[in-house]
Amino acid sequence: MLCPGCVNYGIPQAQRVARMFPNVAVIGLHTVFEHHDVTGPAALKVFLHEFGVRFPVGIDRHDVDPGQGQSLPVTMRRYGLEGTPTTLLFDKRGQLIFQHLGKVDDLALGVMLGQLIAAPGPED
Amino acid sequence: MLCPGCVNYGIPQAQRVARMFPNVAVIGLHTVFEHHDVTGPAALKVFLHEFGVRFPVGIDRHDVDPGQGQSLPVTMRRYGLEGTPTTLLFDKRGQLIFQHLGKVDDLALGVMLGQLIAAPGPED
Amino acid sequence: MLCPGCVNYGIPQAQRVARMFPNVAVIGLHTVFEHHDVTGPAALKVFLHEFGVRFPVGIDRHDVDPGQGQSLPVTMRRYGLEGTPTTLLFDKRGQLIFQHLGKVDDLALGVMLGQLIAAPGPED
Amino acid sequence: MLCPGCVNYGIPQAQRVARMFPNVAVIGLHTVFEHHDVTGPAALKVFLHEFGVRFPVGIDRHDVDPGQGQSLPVTMRRYGLEGTPTTLLFDKRGQLIFQHLGKVDDLALGVMLGQLIAAPGPED
């Protein structure tokens, strides 16, 4: 929420995907690795309301007290996220297909989403 | 080439698709229904060179002398094109899947292209 | 800082003015009329750092405890600001020349600034 | 008219200036140094109509037959124009104040225009 790349590119793009393609599950992750005191759940709630974010947003859990140093939250560590915004695409089986830090071109993202939508799922 | 929507949206988008997705066949159609005297093959050639258009561009054929009135060229009539720019998407079997007059959103175009790329072709 | 119009238009435009025209004094005003608990000075400091805001930013003072209701801060009341972002232009004598809530066109802002720069000041 | 920088930046910016600031005299110059056969007055007329250009546009005169080689037209030579689009700003006395080949930032152009508007003219 205090990351310019997220506010300018990542979040608006996720909002357009969520609005245009109801069969794509869009989930946000509020992953905080610094400035914890001003980016807590209360601030996040206001941000999501003011910026009109309607898709669900999870909060990345810290298993080490962030006050103890620059510790990274659990999901950020698990996926090796190097910063924000990071876009991750998963197929219908839950496999991670694409991971990118920074701006993703709309056309390129669309083609990847279209291929994932067209691919058979676990129940096909 | 003298159509603002083509120059501003249609052609740049087609160029990006051609550059980013080599497995997508991008073909331009120079379909002229007015101003024939200043939009002939010589003017088209200069336009394509100056605007850096690298994909093949066909010239829509007139079976009636355009001097005889506001006649539409053959391909424009066959597909019922209502103006320019019009985007048409065909699947691997050559079936027309999508047709739209005006600007097409990058994300929406990408998703349609991705689905067409992922779908089985006649030889699969 | 949690206002989409400020983040998307107002602040980037102010940053460009500050960078391009060193003889224009650009001053930000952090004027909070809701969500006080998550937009305090500590959050503002992080925001300004992350978004690269280099021009000075004042914090609008509350003379009534905001906990008492939806009270407006002093400067916001004095200038009758109706929301954020609001752009205000002052001439060299300190007279308010222009006030606008919402996005301001770059060309229009530039012409107004150019006229103010060219006008004689109190010492001319 | 077959110059991408003109179509994408130069002409739309000139159109906005002409629309927004009626006290600024906007004049186009169709200066052709190549492809003369497809950029003549008939083609220009269609282009200006299709792209909605309302301000007056002059045609740069050739004093040497362009068929004789890559000769430059008169006004292009006189101002040392190195290509298109070139933006030239003149003050109220007709003095050339600014000349730039390529894209001009809206904010920067606005500030220059505002200063020229504010400066005294020959009759002040």
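Going in written order, the chains are labelled A, B, C and D, and every chain counts its residues from 1.
Here is the rule we go by: a contact is a pair of C-beta atoms (placed from the backbone, for glycine too) under 8 Å apart; a residue touches a chain by one contact, two chains touch by 3 or more.
Worth saying up front: this structure is predicted, and the values here are computed from it rather than measured.
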item: Most remote chain, CA-based centroid, reference being subunit B; value: C
item: Between subunit D and subunit A, distance of the C-alpha-averaged centres to the nearest whole Å; value: 47
item: Centre distance in Å when subunit C and subunit D are each reduced to the mean of their C-alpha atoms; value: 36
item: Separation of subunit B from subunit D, taking each centre as the mean of its C-alpha atoms, in whole Å; value: 31
item: Subunit C residues counted as touching two or more neighbouring chains; value: none
item: Pairs of chains satisfying the touch condition; value: A-B, A-C, B-D, C-D
item: Of all residues in subunit D, those that touch subunit C in their complex; value: 13, 16-17, 20-21, 105-119
item: Complex contacts: residues of subunit A adjacent to subunit C; value: 1-4, 7-8, 35, 37-40, 42-43, 46-47, 50-52
